[in-house]
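Structure incoming, see below.
For reference, chains read A, B and C in written order, and residue numbers begin at 1 within each chain.
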Amino acid sequence: MITWILRRLFQSTFVVLAMTVIVFVGVHVIGNPVDILISPEADQAERARIIANMGLDQPLWKQYAYFLGGALKGDLGRSFVFNEPALKLIAQRMPATLELAVTAVLFSMTFGVPLGLYAGLKPDGFLGRTIMAGSILGFSLPSFWVGLMLIMVFAVELGVLPSTGRGTTETLFGVPWSFLTWDGLRHMFMPALNLSLFNISLVLRLTRAGVRETLPMDFVKFARAKGLSPARVIFVHVLKNIMIPVVTVLGLELGSTIAFAVVTESVFAWPGMGKLIIDSINVLDRPVIVAYLMMIVMLFITINLVVDILYMILDPRVRLGGKS
Amino acid sequence: MKEETPFRRFVSEFAASKVALFGLAVFTTIALLAIFASVIAPQNPYDLAQLDIMDGRLPPGTKSATGYTFLLGTDDQGRDMFSGMLYGLRISLAVGVGSALFAAVVGTSLGLFAAFLGGRADTAIMRLVDLQLSFPSILVALMILAVLGKGVMNVVMALVIVEWAYYARNVRATAMVERQREYIEAAECLALPRWRVVFRHLLPNCLPPLIVIATQQVARAIALEATLSFLGLGVPITEPSLGLLIANGYQYMLSGKYWISFYPGITLLVTIVSINLVGDQLRDVLNPRLKR
Amino acid sequence: MTATIEVRNLQTHFFTRAGVVKAVDDVSFSVNRGEVLGLVGESGSGKSVTGFSIIGLVDPPGRIAGGSILYQGKDLATLPEREMRSLRGNRIAMIFQDPMMTLNPVLRIDTQMIETVLAHDKVSRDEARRRSRDALGMVGIPSPDERLMAYPHQFSGGMRQRVAIAIALLHNPDLLIADEPTTALDVTIQAQILAKVQELAAEHGTALIWITHDLSVIAGLADRIAVMYAGRVVESGTAAEILDTPRHPYTHGLIGSVPSRNKRGEKLRQIPGMTPSLLSLPAGCAFRMRCAHATAACETEPENTGEGTRFLRCFHPMEQAA
């Protein structure tokens, strides 16, 4: 197991390195690094100084080494707009995004699993069919439009929920969080729901498929033959089997959710990393863009690794497969 | 009775689903509306001479000073929303279909290469596919547009880069199976040139799954383009697609002027759903095993 | 001797879109305390559905359409689900064909055993665990304390079937329905399992319904045998009667198609044709299309005739021993 984790770590490092090359090539070769990395307001002398300072007159491989060295030290440049280290800016915005993404993943469980369970147990009923039809919409609706509709209905027409922003935050471990205040939770509800829509559909379908697949299994019939209550059969015997793939997929989706938060944050003016990157792209604040891309790649790879390890812990067949 | 050809059987199997036929009819209508936008639209939304800023943000059904009725209202520039939507639809469809086709060509070629060359080329191409598919489409598109900047062609390029991997993976998988078949061996025994084997024999057999993926990808591309344009990273303001129209209306929605965003949104939605309905049936008919 | 369970004119039908499938149609038998009944038939003959009917686990679109299943004066066919559940796994237990599939792969053995104890008896978890461990020991699983903590995939097929048997016998049931529990196992393991079940059933006076398609499995085990074909019991009697003097042409054919040492060199006989689809059963005797003795008379349904323990549904019973 240790060697397996080490091997995975090694692979992950390799992917991160590959990504730095791609980002580097994107910024330094396809684009003009002078335009990208130097503020347009800088004068000629300033430009020359920065070019020399950043080593842009050096051969490419040296530039890459410089970039990589900076990245390793956590230095990915300064934002032109905020005049702060790009990494620090992103780190400041990250909690808002993480809180939103984690809530969205929790939503997809709390809505997706019961709906999928119901649709799986009553596949031919009216409600079961409606749930499935709804999940198709959840897959094909562009999420930004759904977000707009949510705002239109709940904020504009009904006026029951705030439309934008994070609301009141409460500081914990030196970081402001919205989920600690009622106002913050009210602000978070719509964006989180919007962000979770795709995952709700996904979890719902996985759960339904799992239920349909598991119910006719002999072990379910045997569990019933033991005289267990229907609740125990469904919630322990059936659900436990389904939760393994569901949790795995959801874990993997956490990365996507963070990426798609870009859209939701823009719709609901949620001040997270996603909104920062869109704003940065629109004002060409490129150090922030590069820093964001590197961060999200790292995040992705970390999540994938953690999920793989969790999956091993969750599923006894995988965990103990080697020993028996 | 007419003779049963594969094509005729395909048509009758496809027509077995009324929902899919409905989807096809809706999509055809939408496509025709987009193609003949300049004929149908009562106003050329890009001709500033025809616009009157005084007509800005009128609700649906309002009459203009010149006596024309704005069926779906106007946007902030006084543009007729119905006309604007037809033109926007045209751009959305062109970008969606165009990028899907372009990606199909790139992805198919690389997939076939990988399958036929094998060895290192195969490994390299498939590694790239795996790596790319492990990142969400929006992130990949974001990266590319961050480097390239806005513009219709850049969006198409971003979409192609997002999509090619799906084609490549599926084509390679099909090709790996097909190349074991006797007819390929026979063609190789005849010492036919390799390109001929690939394009005349192998490609036609990869076609059914390709058609299914292409349909799904058109819908995805349209949605992704709309999302990117909504975020302000897609098409420029001079050529607004549906996504950009929705974005334009967003700021007015909070003051209750829903129509500027709402109708383009509905159009986008109907387009995507109709393509998906067709795609689902195509998948069931052409390749029952190809399920996500 | 009083019957532990008495099945009378049981009808279990599946109401599918394509039509009504009469999986079990007018089946009657009884099993006494400590007795072993062999329920024999090809796949699709309704033997498993009969078992599921008794334990009340027929899933929609199937349901018991007629007849009665008497247990201690109660009719299980009409018993409310709540009461049925208190009997299930408690007084009436069942084990299944494929031991790889009967245990939940993601739950530990102790979870799956303790929940069975607690489903019917109000005892502490420790007591439930102790009883589970004893049951494992009883079915011949070495170091039961350790094995309780294991997951099913850590056991071999034979061991898993032993665990399933231990679970089924946790409450010393009055009736155990064994649905081909040895079919999926190696021959040597089969014999061990057979012997174990027989021994345990005899110990507690548990009545046993052993469902199988394999006459040779049942030959040494069953006290009585009922042969099913297309949802009906076509012939029943004591094991000796059925095996030595089969009177229904189908039973005769079944015995003839079992390879045995006594018949070496003889050509194995086989029954021509296939089991008919239960959706389109012809009128009259369901076996007549495959039967060498069929006449016009067979186009009407043969009555269940016989006396004592021997019953038969045939117009042209075979007179001689096989």
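By our rule, a contact is a pair of C-beta atoms (placed from the backbone, for glycine too) under 8 Å apart; a residue touches a chain by one contact, two chains touch by 3 or more.
Only a predicted model underlies this, so the values are computations on that prediction, with no experimental measurement involved.
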Among the chains, which one keeps its Cα centre farthest from the Cα centre of subunit B?
C
Distance-to-centre winner among chains (Cα means, whole assembly as reference):
A
Which integer distance in Å separates the CA centroid of subunit B from that of subunit C?
58
If you average the Cα atoms of subunit A and of subunit B to get two centres, how far apart are those centres in Å?
25
Taking each chain's centre as the mean position of its Cα atoms, how many Å separate subunit A from subunit C?
53
Please give the residue numbers of subunit A that touch subunit B in the complex, ascending.
15, 18, 23, 26-27, 30-31, 136-137, 140-145, 148-149, 151-152, 155-156, 163, 255-256, 259-260, 262-263, 266-267, 277-278, 281-282, 286, 289, 293, 296-297, 300, 304
Within the complex, which stretch of subunit B touches subunit A?
131, 134-136, 138-139, 142-148, 219, 223, 226-227, 230-233, 243, 246, 250, 253-254, 256, 258, 261-262, 265, 268-269, 272-273, 276
Subunit A touches which residues of subunit C in the complex?
55, 57, 85-90, 93-98, 101-108, 112, 115-116, 119-120, 151, 153-154, 164, 167-168
Name, in rising order, each residue of subunit A that touches subunit C in their complex.
217-219, 221-229, 232, 236-237, 240-241, 244, 315-317, 320-321, 323-324
